[in-house]
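Take a look at the following structure, please.
A, B, C and D label the chains in the order they appear, each numbered from 1.
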Amino acid sequence: MKYLWLCLIIFVVVSAPVKVVGQSSKTQGLSLEDAKRVIAAAEQRARQDRWNVVIVLVDEGGHLIHLIRMDSVQTASIDIAIQKARTATFYKRSTKVFQDRVAAGESALLSLPDMLPFEGGLPIIKEGVVIGAIGVSGVTAEQDGIIAQAGLDAL
Amino acid sequence: MKYLWLCLIIFVVVSAPVKVVGQSSKTQGLSLEDAKRVIAAAEQRARQDRWNVVIVLVDEGGHLIHLIRMDSVQTASIDIAIQKARTATFYKRSTKVFQDRVAAGESALLSLPDMLPFEGGLPIIKEGVVIGAIGVSGVTAEQDGIIAQAGLDAL
Amino acid sequence: MKYLWLCLIIFVVVSAPVKVVGQSSKTQGLSLEDAKRVIAAAEQRARQDRWNVVIVLVDEGGHLIHLIRMDSVQTASIDIAIQKARTATFYKRSTKVFQDRVAAGESALLSLPDMLPFEGGLPIIKEGVVIGAIGVSGVTAEQDGIIAQAGLDAL
Amino acid sequence: MKYLWLCLIIFVVVSAPVKVVGQSSKTQGLSLEDAKRVIAAAEQRARQDRWNVVIVLVDEGGHLIHLIRMDSVQTASIDIAIQKARTATFYKRSTKVFQDRVAAGESALLSLPDMLPFEGGLPIIKEGVVIGAIGVSGVTAEQDGIIAQAGLDAL
C-alpha cells in the first residue's frame, strides 16, 4: 500500500503535462457543453444574416474555453473577440458600457488594462456571479453585440 | 441607385471592424468546416480514454481558427496547445521531432523562437503545402500526439 | 537506393531548421519575385522625390517577405512600416481608413490590437482575397501612401 | 536670418515623421546599396544549390536594413535569421562560436539575452569596427553559414 502511494507521487511529479486527478466535470462554472451551446446559438444568429465573425468564450479568469473563426473573417478579429470577452469578465460588464463612455469623451478610459471599448463582449452571470464571458468580432460593433446576446440567450 | 452606393460607402467608412466585401468562403486553406471535423474527431478520440485536453487549430500564419477546452484541464494547456500548433506550422513539422532532439541532448534548440518541444503538434498538409496545424495538450505528450493524429485522420 | 533513402532520413532528422521537401514555389500567395517587383516600383517612386523610407511586404499572416530601409531613415520607421503592413492585412483595408476615423474623433480605435492609424499600409488583394500587404514609413503619411500605392500598381 | 532659423526649428519640431535633413547617404555604416549587394550574392549562392532561405541584414544596433524570404521557407526562419544577425552584431562574433560552445556543454549560455546559438549569423566588420551583421536561416545551420559567408564575400 505504501508502495502504491509512492508510485502515485512519482507519477505525478515525473509526468510533465499531467492529467488532472479525477477529472471531475464541475470544476469550472462553464462546461465545454455550455460553451458549445452558447457558441452554436451565436453562430446560427450570425449565419442568419450572413455575418462572418469570430466568437469566443472565456472562463472567469479570462482564459479561453471555446473559439470559432468563420471563413473570410479579418485576422484582427481573433484578438479583438478575445479582448472583448476578457474585458467583459475582468470588468463584470458589457463592453458597450465602455464604448458609450469613451464616445462621450472619457478618453482616460483608454489607458485601462485589458479594456476594449467596443460592443460585442458580454459577461456570463450565474446566480449573481460572473463565471465567464462571450466575445464577438467581425461585423459592426452593434451586430457583434446582437450575436453575443443570441449566444447568451441559449444558456 | 446613387443612394445605394452612398449607403454602401457610409457603411464601409463608419462600421468599425467591417465585414469583408463579398465574403467568399475560400480565403483560407482550412475552412471552419474542416476545423470542426478535425477537432470533433480529436475530441472523440480523447473521450474514448477519458483524456481531458485542449485542442486547437491554427491557419498557416499561426492564427487561431478553432479551439476547445474540455472540462477540468489545467489552464496552462491552453497556451501549450496553441504553441504546439504554432511550432508545427512555423517549422512545418511535428513537434515530436524537437522533443526527440532535445531529449537526445540538443539543448541549443531551446533558444529557437516559437518552438515548443513536446509531442502533440502536427502540421496539416494539403497538396504538399502546409496550410495550418493542430495542437493538443492536457495528458501526456504521447497521448496528446495520439489525439492530434486522430484529428488529422479525419481530414 | 536504400542508402539514398537512409541519407534522406538522416538528413531530415538531423538538420535543424530543415528545408521543405519538394520546395514547391507556390506555397504563398505572394512569391519573392512578386515582392521584389512591388518594392522596386515603390522604391523608384520614392527616389523620384528623394524620399527616404522603409518599405516592407508581409504575407496574409503578417509575416515578413521583403524589407528595404533606404539610407538615413529614422530607425522607428522600420517597426512603423511593419505595423502598417500588419494592420492592412489583419484588418483587410488601408490604414488610411483608421487615420481618418481617429482624426474624426473615434479615439476608441486606438485600443484596437495590431492597428496603426497612419496612411501608408495597403492590403494586397488577388481574386478578391487578401494575400498580404505593403507598408511604407519615413516621410509624411500622405507621401508614404503615395509610395505604397506605386508599389501595388506594379503587381 | 534669425527668422529663417526659427522657421527651420519649428518645421523640424512640428512635422511628425520628418525626413532627415540633407539625407546624406553615409549616416550608417551599411548603405542600402551595400546591403543589396550582400543579399544578392547570398541569394545567388543559395539558389545555386536550390536552398530556400531567409536572408537579413541588420545595422550595428540590430535594426533591419534588408530582408528577403525565398518561396516555401518555413515561417520560423524569419525570426531565426533576424535573431542570428542580432546575435552576431550584439556579440561581435559568428553565431557558430555559440553553437560550438553550447554543443560542448556550456548550457548556461542559453540564458544570454539576444543570443541564438546556430551557425548562419556573421558580423560585418569595416576597418576593425562591427557595422552590422548578416543572418541566414532555412536549410541546415552549416548551409546557412555557407550562404552568409558568400554574402559577406561580396562586400
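Criterion: a contact is a pair of C-beta atoms (placed from the backbone, for glycine too) under 8 Å apart; a residue touches a chain by one contact, two chains touch by 3 or more.
Please read all numbers here as calculations on a predicted model, not as lab measurements.
Using the average of C-alpha coordinates as each chain's centre, A ends up farthest from chain C.
For the interfaces A-C and A-B, the C-beta contact count is higher for A-B.
Chain centres here are Cα averages; for chain B and chain C they lie 24 Å apart. Averaged C-alpha coordinates put the centre of chain A at 31 Å from the centre of chain C.
Separating the CA-averaged centres of chain A and chain B is a span of 18 Å. For chain B, the set of residues touching two or more other chains reads 16-18, 20, 24, 26-27, 60-63, 91-92, 112. In terms of inter-chain touching, the protein chains here follow a pattern that is not a line, ring, star or complete graph.
Pairs of chains meeting the touch criterion are A-B, A-C, B-C, B-D, C-D.
Partner chain C is touched in their complex by these residues of chain A: 74-76, 79-80, 83, 99, 102-103, 107, 110, 115-118. By the touch criterion stated above, chain B contacts chain C in their complex at residues 13, 16-18, 20, 22, 24, 26-27, 59-63, 91-93, 97, 101, 109, 112, 128-130.
On chain B, the positions that touch chain D within their shared complex are 60-62, 87, 89-92, 107-108, 110-115.
Of all residues in chain B, those touching chain A in their complex are 14-20, 23-28, 31-32, 35-36, 50-52, 61, 63-78, 80, 118, 137-141, 144.
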